[in-house]
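You will see chain A twice below: alongside chain B first, and alongside chain C after that.
Up next is the complex of A and B:
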């Protein structure tokens, strides 16, 4: 939009038209300019995402031995991965158990981050009146991001350990006699760390949707006699949906692929889809790792497709 | 409106120009710094790929002083070193890696065997590597990828390990050690003398093993054998049935809550032990030293079934030739000439050439680290920090006692692929 205005006002200033200034001013078509604007990102996306992804898919169908990739078609990466899935019925096979665990963790983290994220965003959008304070407070939310992910995660360990701060505090107050073991290296600690790390990814998009809700709609609801709860359910939540979905996509994709947090906080004893890939890569079994990466991608993609069925993000934005 | 847009546009254009200029500058400066490097090609630089074990700053400094060779360290984990040799063989000159990875590296053809005749101290290398026995004549357990099984190649470009000595050496030995369980004697309060204690329900929720499959399964096998459940023909090369059996025992223990956590790197193992999360776990010697230097009691417990051992050494990348290859020989010869050996011995590892290392150590240091005698004076680490007070005795005793009791070596099995899959199953259980 502003580009077009710019061209009409000063045709000589079209980027890259140094010669055009002397000769007859030429116009670049708006669609060409849009391509030009989207181009760099598209190239980055192509070079660092799409092409590598194609390679991953190709390699996932290769064979391998102890020390090299064998570029011959083989479904071994996949068949090995689903080994025992039929034979062990009704018990789950390794991959089944792993995904069940990963999805389970993912669901818990999603539900908790959504709950917390929604109310933090709600507070910022509707209870904080001044724009300055809104900005200030949302910047405050980013402070934890000044240190690395790993440090924020590891910081929990001395707190939750057997002889950690929480346990020794509880023992001193006499509430417990023995340290609580499940505080650390358990699903609890994994979920806690993931929620701590990723709630902010929920807050931002939801907040963004909420501040764009026309305040007069809420006034209208109030005038029409809606209770606070009715306004929330019938006005605010539906209008925040794009933010909720975008935040959910952030959180779900991150948690589905995570293996570091699950590894460190789970004491390396909890299976994760990402963990399988890591073990395979470390054993130089690249095709098997690639096959697992493709499976993870497909499952994550399915989840996201289902979510975007609920809300048409493109239209809402 | 138009006015402001225009200003914006102009400034954006200037910005673009500026960025392009900066990029050009960056490219230019790259070329400038690159130039003298090409010019001064005779500055002796070796890119040294390895794990952190040998890559001490002091070693690099001393090497530069003695030989004029500048070492550029490329530090990676054991798995990543192997990965790099496979995928980027031209990204390093000298490779420092473990013998068990040779089963993967040698068939890839990415490394060059060194010529034993050009290694001055080769004949003085400890018989642990060449014959599989200690200098005192004790036979060493050879299960797994024992170094003497993979020390020689049949020919210069051969990919086959020779059964008898040839002049083509896969890895010139540098450092090795015997690993066992670390324990917290202050929390266990009774003697521990068998690997089977790792799965003793008494330590439920307080045990740990390594989460590196190829090493972890060896520790698991030591436990299974110690508990009398099974006797392996070769722990380092299990059949599928043996892998199933080993993992079944471990899975049952895991489900019963035996393990507090699995560890993957040095610091994790130190933290688990120091914080009291675990009281018994597989461990590495310097990690035990680190816990002790924090003022916490920790013993590298000798066990009646013996130690699990590992060893590493030097070779060069396939791409190294000419003058660079000569520097590589010069560097390896320097490494075996004593300074580095003494440095490693003082950390609790063992050096490949004992005589030269001894010449670089004080007699009281040698007596403590190698002969298992009580320390006459305080024992200091290479960086000068206090490790042990006078009177202390090394866990496990002398070199002969420790290396003589080795039962097996870190290994890559023929069924490695199957084992890795089973390990994932174990984690998921």
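Up next is the complex of A and C:
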């Protein structure tokens, strides 16, 4: 028994351990164990993420008619998508306008979530001193993330609707005579709901970057005579950059591909990159849907590449 | 002695409070409104207080077959939770050593997290359509479809929950002291015993956190389910379908019931985590107690 213990602790120390090892069941090699441990997850990503992506690309080059896929090479998915884009120059065609609109929406949501997310994270990281309070308040920000997005969208209806709280409140105070129509089912409500849903994705990575900042650096800046604003711009913002970039990637990719929030909060009236795909699928035009998915993927990928130039994501996680 | 709070503290505290109000205010509004009286409408003021709309949901005479969708979502959520926990812990252990394909798995997980959901969902639906066509062409002409809740639907949800699980495992093992395992090994524990009696108890609170993510993300999942779930609907899909047609508080009642499940699961998980942490603090270490 004790010999066995020693054998495991310091293999090769005991004489004759070679024969002892041969008698025991063969140990699995470390690399085989790694495969066993990581393999199942790899298989899930292969079957339900990587292969599907390949199919999206393949099917985007297939032909189609009213009701089925035709597995023959065709550029129809793309030509249908870009229909009229050259003829209408210099005006933008439908797809161009839609992407411009989506990017515009994306930029607004990004700017607002970054502002809110930065200051919420800043408050949690630098102003909340006790660990318990920090945990509690972070949890308070996280809990809505575990509840349903659709419910958090429809939650705005009683507030922003024609007869909602905001309109009736404003009418009562006499600030307006008629209910404001653009509060709900408009671009405004889409941006509001997206900010409401996804600021969380900004807060978490920025907070993570901020708590890692060595407090003595801030004291050093203060001792060297920097004002609070100078410390913020020259110390805190540069050191929180990884979190800012990761949060931005999350928010931008979510908004670029969103079709549910834009659908529900836009009253199904606002066009967006994700909604084109949904519409094409509903019309059973799968190659056209796939072509749009490829375009969206390329644009999202370009944005991420540009952003990850600024920071090495893998190092920061 | 504590320094006085700077003025920026108060400004940011108000900002933070406003953010929390912004987060919770609208949700609370619909929870309250789901207790409208039978004559109540979609907005305030309340027209009496009753459980009329919630009762109506459970009678099955309401807007959707709530019971069936509820059971489907619950089943899927529980399976997703179990698979997410097991695969994440296993893969998390693997990442503590170097192995080939490590960066492939890492980048797959990150890509799965940030590739827009509609693309993943479309891809899975295309994949299953093509599989169906192949089966029909080569084996069984009467074959219906391989798409379903526990095939394509399960896969779609896992592409969303597993990256979170893996990232949480990274966070756990970043602050895990490997000397504890060495100590167990030195005392003669087999790798499995080391995992079962040393590693697992220490990481258990965070593992429950992974389960919490697994269940709640699946329970509320929408974008990935939209194309990949097959013929049946999950609860969030039914709820989304209602947003364009409903004119009475049914929809709030449904929202409240779905949230009630979420909040139950969240409190159970957080309660367990808290209990485990307390137990660990009380009994985890016998340092300084000497030999008995």
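By definition in this document, the second predicted complex is superposed on the first by the 270 of 317 C-alpha atoms of A that agree within 3 Å, B and C clash if a C-alpha of one lies under 4 Å from a C-alpha of the other, contacts with A are read in each partner's own complex, and residues count from 1 in each chain.
One rule holds for everything that comes next: contacts are C-beta pairs under 8 Å (C-beta built on N, C-alpha and C of every residue); 3 or more make two chains touch, one makes a residue touch a chain.
Everything quoted here is computed from the prediction, not taken from an experiment.
After overlaying the two complexes on the shared chain, residue contacts for A:161 are found with chain B and with chain C alike.
In the superposed model, A:310 lies in contact with neither chain B nor chain C.
Measured by the number of chain A residues touched, the leading partner among chain B and chain C is C.
Of the two partner chains placed around the shared chain by superposition, chain B and chain C are both touched by A:268. In the superposed pair of complexes, A:101 makes contact with chain B only, with no contact to chain C. Using the contact criterion defined above for the overlaid structures, shared-chain residue A:89 touches neither chain B nor chain C, since it reaches no partner.
Put simply, chain A uses residues 5, 9, 157-158, 161, 163-164, 268, 281 to touch chain B in one complex and chain C in the other. Of all residues in chain B, those touching chain A in their complex are 1-2, 5-6, 8-10, 13, 16, 79-80, 82-83, 86, 103-105, 107-108, 205, 211-214, 254, 259-264, 271, 275-277, 412, 416-417, 420-421, 423-425, 427-429. Residues 5-6, 8-9, 12-13, 15-16, 19-20, 22-27, 29-30, 33, 41-44, 86-88, 90-91, 93-95, 97, 99-106, 108-112, 114-120, 122-127, 129-130, 133, 152, 155-156, 158-159, 162, 166-167, 170, 185-188, 212-213, 216-217, 219-220, 222-223, 226-227, 236, 239-240, 243-244, 251-252, 255, 258-259, 262-263, 265-266, 270 of chain C are the ones that touch chain A when the two sit in their complex.
Per the touch definition, chain A reaches chain B in the complex via residues 2, 5-6, 9-10, 13, 15, 66-68, 80, 83, 94, 97-98, 101, 157-158, 161-164, 181, 184-185, 263, 266-271, 275-276, 279-285, 288. Those residues of chain A whose C-beta lies close enough to touch chain C in the complex are 4-5, 8-9, 30-31, 33-38, 40-42, 44-56, 59, 69, 116, 119-120, 122-124, 127, 137, 139-141, 143-144, 146-159, 161, 163-165, 168, 196, 199, 228, 249-250, 253-254, 256-260, 264, 268, 274, 277-278, 281, 286, 289-290, 293, 296-297, 300, 304, 313-314, 317.
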